[in-house]
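In the two complexes that follow, chain A is the common piece, with chain B as its partner first and chain C second.
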Partner chain A sequence: MNARVIPYLLIAPSLAFLAILFFVPLVQTVALAFQADGIWSTGNFTRMTGDLNFTDAVVNTFELVIIVVPLQLLLALAMAMMLQHLRGGRDIVLWIWSIPLGISDLAAGLVWLAILTDKGYLNTILVRLGVLSGPQSWLSYETPATLLAAIVVAELWRATAIVLVIVVAGVQLIPKEYGEAADVFGATPWQRFTRVTLPLLKPSIQTALILRTVLALEMFAIVLSIGGRNFPVLVSEAFNWQYTQQNFGVAAAYAVIVMGVSLAATLIYLWALRTPAAQR
Partner chain B sequence: MRKLSALGSALLLAGLLSAGAAGTENLVLLSTQLRPIEEAQKMRNVILEDFRGNVDYVTEQPAQLSVRIKAEQQGGTHTIDVVGALHGELQPLVSLDALVPLDDLGRIATARGVPDTLMTLGKFGTAHQLYIPWMQATYIMVANKEALPYLSGGADINALTYEQLALWASAVQEKTGKRLLGFPAGPQGLMHRFFEGFLYPSYTGGVVVPFRSEAAETMWTQFASLWKAVNPNSTSYNFMQEPLLSGDVWIAFDHIARVLDALRQKPDQFVAFPAPAGPKGRGYMPVLAGLAVVKGAPDPNGATALIDYLTRPETQIATARSVGFFPVVKADLPADLDLGIKLGAGAIEKTQTAKDALTALLPIGLGQHGGEFDKVFTDTFQLIVLRGQKPRAVLERQAETLRRLMTETGAPCWLPDPPSTGPCQVQ
Partner chain C sequence: MTLRRAVFITGIIVLSVWTLLPIYLIALGAVGGRTVVNSWPKPFLPPADLSFATMREFLDIAGVWTSALYSVEAAVLCMAFSILLGVPAGYALARFVFAGATAYRLVVLLTRAFQSQSSRCHSLSASSGSGFTTLRSASA
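And then the complex of A and B:
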């Protein structure tokens, strides 16, 4: 067979798979979002924006992304740099750090719920130490700040590892010669990090940021298990409209919003962290 | 997405139909109740065990029930003998003209002591008995005995008013420093039923019609003030048995099935009693499941025999014992019956026989819009009680949503709202 055709034949099944199970539902979802009673309209979007949880969901979602993603990147960079300087046992440390990756969102959410609930581990310890006189609520609608903090901590614990893995892979690809050259010219470790390592890590950081931001916009199980109704986000609202209210149009409208925001974020990262043609 | 799921259910249906066609001589009992696997197994292995014939107990999602019956009607292939479903789920089958009149069985049921109110529901306003009441449940209050000393002197726990409940809860809060009244207002909780079947009927005598009335405004103002003594974790509670058992909550309202574990595990620690009353009476929502025979059933005689069997006092007690749904017939609970179940059954009986009892049915005829109907009530609650907005403005806005919803579905009023000719409307 023609050697030029074979590669296309080999990728054809995966393309067909994606087209059938991704592209078709996507088009259907968009169509559903812009239809009410079979007529094209923006009625679903009006209902969505008019809903009492919409503003909260938007604010909460962006709040989480803006807090969580930069923190995760900083943590992952710091952890990757520390890992570089380990002489032995690197693999074991890396392996331990990535344990949370193997745990499902929901399980992670439930673990943190068990820690932070009224009679959870945190309150038990604080009461034993005498810091608190009785159980303190952290996750109720009366304590929005600690509720947000709890979700941020849980998400940091669960998903920093994915950024770390990408960054570590990127760091290992940087040739040692660059660092050695910088040392020869008398660069401080900080200069070496900001002038040599970071620019060379840009493609990895871009990948990590896109992945993390899109996933953070879709955050659901952790938020649901820790925050429940007290902390609506875009995806949990889509879920509620789909399954509780059974209004598929409004659910689809939420899905379209999430997709639009994810797409916009991806494009912004691609543009902001592009590698100039001269450096390629 | 809708199309895909429709396609999915069509395929599933085709599968079921072909399975039925290939099938056996067994009677088929299709039920929207007792769907969880443990309950379904109890039904198959315990409750149906002493029945003469063989029964295939098949469960179905409530929304799919009328779709399936309609499909069988149109296709002319009948596989189902008996349908077991809630009152509101059986109603669409009446409009499909899919149910056989069961007047003879009705007489037997009356003789077995099924109350007239329940028998009347089973007629759907016609001259014939279209379903036989099967089993029932409702929502009750449960209190930890430690809370009882704080109940003010004049109050009878079995005839509480909402005012007395508020006083009780705030007395508990004052003395213990903790907010120990709880409601199931979590994501999977049944808080909306509290508004639809208890609070609104008790204060306004209706649900939809008086939605934005002055009585409703007073009701929300008072409920918001009662909420000051409510445990703030209530917005995470789905089943009240857990906070009751852990002691986070001393006084709770919930569906009986969702507090039964607490009553069963520590029957000495808890008391069960009817929900409170308001100015218009003691609004309560019975959850009534009925059994009906489908027109064209493969084995109509077997079907009536099965209904007769399931409504016998001893089968009803076995049902209460194994799945926590309570008898509709007069059944003397045996002495060795679980104490927790006895507590629950007692609370149900006190609710039903209360002099001021005011029956509020589960919403009927809303079809797929049931969830949005519930959301009107939970949204109103969230805005007025949790976010502290003015009741009048919120009620006006939510009334608009409710009006649109009722017009869309065209559902006529159900009890306790007065009967309507067209769709039930907010006044």
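And then the complex of A and C:
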């Protein structure tokens, strides 16, 4: 068969699937966002930006993404490097570290709620250590900093594993000879990491960053279980407009905003971490 | 053991405890029942009268098994479809240079940019799942 046709045949089924089940609803959503009472308008967007929670939701969402994603990448890189230097038990450690992959975000939110709630495990420890005299609330409207920190911690716990798995797969693809060559030339472990491992990991890091950023922009269940309505984010606002207010137009406007931001972030990553064709 | 090695092993242990401890604590709640969940200060050891009564109560609630079955069904179907659609596409991206590859990649990523919560089309989760498989097989 003509080698030019093969790749197109291979992507054809998924393209057909996406066309029917993704593009049609996508176009419908965008149309919904730009329509009010059956006529084309930007009314939904005006209503969205005029909402009290809108600014908070935007700020909170970006805060989370900007704090969580770099921390996750650093943590996952450190973990992957540790795994590489582990002599025995590498599989069991990798298995333990990837357990959170199997935990849904709502369940992870509830796990951390049990720890951080007023009468939770954290306060028990702090009281026993004598740091606190009684239960202290961390997740209320009056403590926005600790509320944010709690959500960051929960998200780090739950979703670092996916970055780890991608990075570990990438590390395994790097031929050992490169590192050995660096050793021969007298590179320190740190130089080896920054000059050999990191550049060769770029495609994996790109995939991980895109996925994590886009998913962090859509954080919802963790935020809802820990912060409730005290911590509005873009997707929780979309959910409220859709189900509580039953205003599908404004919900669609939020969806369009999230999509736009995600797309922009993806394009930035694709450009910033591109691998020149000659190096592929 | 060198100091370096000791720090290294400590790091591994700290990260493993960080992963496992929250699961242990939530499991305590599951076996301890209402008394543990509402107690203060919270116990860090399983209760002496460890029982699976709470778990059994939970499993006796009507619909738990049905919804578990639905979850498994949905998971199996999603997995099958995302492998069927994603693996060939990922192979194409990884093994062939063709015009439109970047555009196709973007289209796949686009499925991720569309949150399933506010979409009224439930099949979307399958499409974003296959997107992920495509990306994974392309980068592997």
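Note that the second predicted complex is superposed on the first by the 264 of 280 C-alpha atoms of A that agree within 3 Å, B and C clash if a C-alpha of one lies under 4 Å from a C-alpha of the other, contacts with A are read in each partner's own complex, and residues count from 1 in each chain.
By definition in this document, a residue touches a chain if its C-beta (ideal position, glycine included) is under 8 Å from a C-beta of that chain, and two chains touch if they have at least 3 such contacts.
For clarity, every value in this text was computed on a predicted model and none was experimentally measured.
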- Task: Mind working out whether A:3 is in touch with chain B, chain C, both or neither, as first, second, both or neither?
- Result: second
- Message: According to the stated criteria, A:41 is in contact with first (chain B), second (chain C), both, or neither; which is it?
- Response: neither
- Task: Based on the superposed arrangement, let me know which partner A:194 touches: chain B (first), chain C (second), both, or neither?
- Result: neither
- Could you tell me if A:275 is touching chain B, chain C, both of them or neither one (first, second, both, neither)? neither
- Look at the residues of chain A and decide whether chain B or chain C touches more of them. C
- Message: For A:252 in the superposed arrangement: first (chain B), second (chain C), both or neither?
- Response: both
- Once the structures are superposed on A, label A:115 by its partner contacts, choosing first (chain B), second (chain C), both or neither. second
- In the superposed arrangement, does A:25 touch chain B (first), chain C (second), both or neither? both
- Note on the structure: Residues on chain A touched by both chain B and chain C 25, 29, 119, 242, 251-252
- Message: Touching residues of chain A toward chain B in the complex: what are they?
- Response: 25, 28-29, 32, 51-52, 118-119, 134, 137, 139-142, 224, 228-230, 240, 242, 244-248, 251-252
- Message: Could you list, by residue number, the parts of chain C that touch chain A in their complex?
- Response: 8, 11-12, 15-16, 18-20, 22-23, 25-26, 29, 37-42, 44, 81, 84-86, 88-89, 91-93, 95-96, 98, 100-102, 104-115, 117-121, 123-124, 126-127, 130, 132, 134-136, 139-140
- Within the complex, which stretch of chain A touches chain C? 3-4, 6-8, 10-11, 13-15, 17-18, 21-22, 25-26, 29, 78-79, 82, 85-86, 93, 96-97, 99-100, 103, 110-112, 114-115, 119-121, 123-124, 127-128, 135, 157, 166, 169-170, 173, 203-204, 207, 210-211, 214-215, 217-218, 220, 235, 238-239, 242, 251-252, 254-255, 258-259, 262-263, 266-267, 270
- Message: Considering only the defined contacts, which chain B positions touch chain A in the complex?
- Response: 1-4, 63, 178, 185-187, 232-233, 235-236, 246, 248, 368-372, 374-375, 379, 382-383, 386
